[in-house]
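Written below as structure tokens is the structure these notes are about.
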Amino acid sequence: MRKAGLLSPSCAGAWRSVRMASSGMARRGPLANKVALVTASTDGIGFAIARRLARDGAHVVISSRKQQNVDRAVAALQGEGLSVAGTVCHVGKTEDRKRLVATILDVNVKATALMTKAVVPEMEKRGGGSVVIVASLGAYVPFPGLGPYNVSKTALLGLTKNLARELDQRNIRVNCLAPGLIKTTFSQVLWMDKAREESFKETMHIRRIGKPDDCAGIVSFLCSEDASYITGETVVVSGGSPSRL
Amino acid sequence: MRKAGLLSPSCAGAWRSVRMASSGMARRGPLANKVALVTASTDGIGFAIARRLARDGAHVVISSRKQQNVDRAVAALQGEGLSVAGTVCHVGKTEDRKRLVATILDVNVKATALMTKAVVPEMEKRGGGSVVIVASLGAYVPFPGLGPYNVSKTALLGLTKNLARELDQRNIRVNCLAPGLIKTTFSQVLWMDKAREESFKETMHIRRIGKPDDCAGIVSFLCSEDASYITGETVVVSGGSPSRL
Amino acid sequence: MRKAGLLSPSCAGAWRSVRMASSGMARRGPLANKVALVTASTDGIGFAIARRLARDGAHVVISSRKQQNVDRAVAALQGEGLSVAGTVCHVGKTEDRKRLVATILDVNVKATALMTKAVVPEMEKRGGGSVVIVASLGAYVPFPGLGPYNVSKTALLGLTKNLARELDQRNIRVNCLAPGLIKTTFSQVLWMDKAREESFKETMHIRRIGKPDDCAGIVSFLCSEDASYITGETVVVSGGSPSRL
Amino acid sequence: MRKAGLLSPSCAGAWRSVRMASSGMARRGPLANKVALVTASTDGIGFAIARRLARDGAHVVISSRKQQNVDRAVAALQGEGLSVAGTVCHVGKTEDRKRLVATILDVNVKATALMTKAVVPEMEKRGGGSVVIVASLGAYVPFPGLGPYNVSKTALLGLTKNLARELDQRNIRVNCLAPGLIKTTFSQVLWMDKAREESFKETMHIRRIGKPDDCAGIVSFLCSEDASYITGETVVVSGGSPSRL
């Protein structure tokens, strides 16, 4: 699950109700009848992941901070015959949110930690679960000009390790995805200009910029039973950019 | 593909003929109609990988140094209705083999490099391919008493990076799997004694020792189109043992 | 410099005045006539680092949040004939401090980033400088039960990389020290009980628990001209505990 | 000690005799009265390291495969008043050498392992010792076109970890240095052409190419008592090139 928001009571509620509603439905695939909560999933990488998990059999809860974005994403995936619900995730009071989302470190790290802990009890009831945190190649090799973003992503590598060990006894696995340069709205400043795109591709030693879908298969895999012995690990999806050994 | 042997002309020949023979067969799954050469695959992790690739649609070539082991493995998998052929991979002259396999470093590193280069032309003819090298958790955190083995596995992490970059322009991806403690004949000295097994589990912070099948899904995934933006990476499959960030 | 506090105007002032005062003094050693600001330096690792930098010729500013601790540390080092001054570093308003130090992530990561940026202009005036951030082995291999601490330390590895690149053009190097288990007040819960100490030593594959002084030499080295081509790197000081390749 | 040759009986002999001869001499500095064997030390990084160790008080044994190079280096350092002896290190029979040095992997990895093991008994007699292996930034981020070299250097990262653990009980520390792009005869193809140099500097995010002396201080530090709690670690000296967290 992508982690870039805060779980509100309504989020947790939505998730639970999906779980109940889903008991009467039969899905196929490696994630059959699993429930997946994907945060920040109305667009880009999060949306690609949500669609993939749904295609692989999961009941997916789309979430984001804006109702209209959630509605649009849910409608799009339901239109494909997928089992999808939506919820707006936000913090109750505006002033709280302002403070909490004041910094990238808070949003990317603390919110991810809080969110994971919020869903743990529900996962335990189901006998276990799988969390996939989305970090970034910038966690290993800083993207220039994005210091706080990079550092927050490095912290997520550590969070993955820590949560994995903490939750191991509850049969919950925690892994991480570190995408390189992926064509999304978020990253468009890096590739909209053709010359800049070429320069980035050369610097990163890649032949092409990634697509959101390039990140979706690995998340589905990490959530599946096939990955049941993989926890605490980060997989880099960057087309061969220098990362780490 | 696991890399722990040397490609002889007969191996390459077997691979080609499988490819031709396979053109008349229709398989399903994420690896449909791909041809997979799995070295050291008559037992343990290699065998689990071979079976999984075949179940996912690939035409698999089992290989090893001993004819009877190959025959047994091929028969077992054909008995499951899978598309499998076998070949004995060896170096032509005995004295050459003796020298070449004289050290673990030669077998694990040079043979892997040579093998990969031997299959590249065939992959290029097919428009691309995927190589999966099998390293070990010992590459990151030394297994005590296994120095040369550990070092050869560390070298494979570097080989993965180097081959990935070299072969990127030919549409060949190269990734790596680093298993932790897996229950195989090879590792039985570590887990046959119950007390020793418990001690290892505590040291490695894992709840259970892995099974060969725990390594199979990720190899199939890395060979599939879903992983087309993943190259040069190593995935650790170790149940949460300390590895690397 | 150790980073575990916030730079207040009084800190910056102290640093500047030391610099001025020091112009009439001649010190010897690899850090002769350099000015070093060491935060959280009244005890343990920070104190050992401060003493070492002073012995190696630097004019050292001890800092901490409590006046009496600063006074004690300064007196101790001046008693050894070292060039040392002290300053109490705190955030102006109590309520601000409460919020700012509310979480380990804030103190360990944001404060380190802010502090570094606060001293950069002074370093630039001097033609360059060197920052040494103190992370922890827990950044790589989580210490059990210390999740937020570990994650904040992982973030510091990324902060080191990012600051190193950002400040490179201003001739400021940024490196990092990751101590393992060191005998300090902070870590005493881990080693006060003899049986627990032995268990930790076995788990960490070390013969002895480290001393604060084990961390001091490398900081002095990283601040010296000898390290002028080393930036963005983390050195682990852990007696051989598993860390990273 | 740099490791890029093979220890012959004459090498070991030279080392022992230096040790004996040295007992009547008094040297000062952090390495006072230590004996240092530096292989491949007649030029470039090895020579800079040898000189630095001698300046820091060690009795240094220069070694290389060619007598005239050894003589020249020894004369140069003795001319500076340093305590230096020389020895030609070679394998007894030419045909053996040919086979042993047949590949980069043999020379860089096996020879380093053999060499270390050859000096261990002598170190034990002295109550302990320190080994510094020279790897390369290419161990982490492949230098293009230098595959076998890069892989052998990656293997050295693992060798460092393994030897560190094996020799820990004998009070011998083993660390590693990973230089980036350093101006030596070996690397001149990368920087002799001004345009190429600029391109490399941009790719590696560095302001300047390193000098052999940039590698010398850290080796002296790692051999000193100040580093007595550092073992199994690799320090990257690359001017801020991307390396690893």
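Going in written order, the chains are labelled A, B, C and D, and every chain counts its residues from 1.
Simple rule for what comes next: contacts are C-beta pairs under 8 Å (C-beta built on N, C-alpha and C of every residue); 3 or more make two chains touch, one makes a residue touch a chain.
Computed from a predicted structure; not experimentally measured.
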item	value
Longest centre-to-centre distance from chain C, chain (CA-based)	B
Contact-richer chain pair (by C-beta pairs counted) among A-D and A-C	A-C
Geometric centre distance via CA averages, chain B-chain A, whole Å	30
Centre-of-Cα separation between chain C and chain A, whole angstrom	35
Distance between the centres, which are taken as Cα means, of chain D and chain A, whole angstrom	45
Contacts with two or more other chains, residues of chain B listed in rising order	139, 141, 154, 157-158, 161, 165, 244-245
Interfacial residue positions of chain C with respect to chain A in the complex	103, 105, 109-110, 113, 139, 141-142, 144, 147-148, 150-155, 157-159, 161-163, 165-166, 245
Complex contact set, residues of chain D against chain C	157-158, 161, 164-165, 168-169, 180, 205-207, 210-211, 214-218, 220-221, 224, 226-240, 243-245
Footprint of chain C on chain B - complex, ascending	139-141, 154, 157, 203, 242, 244-245
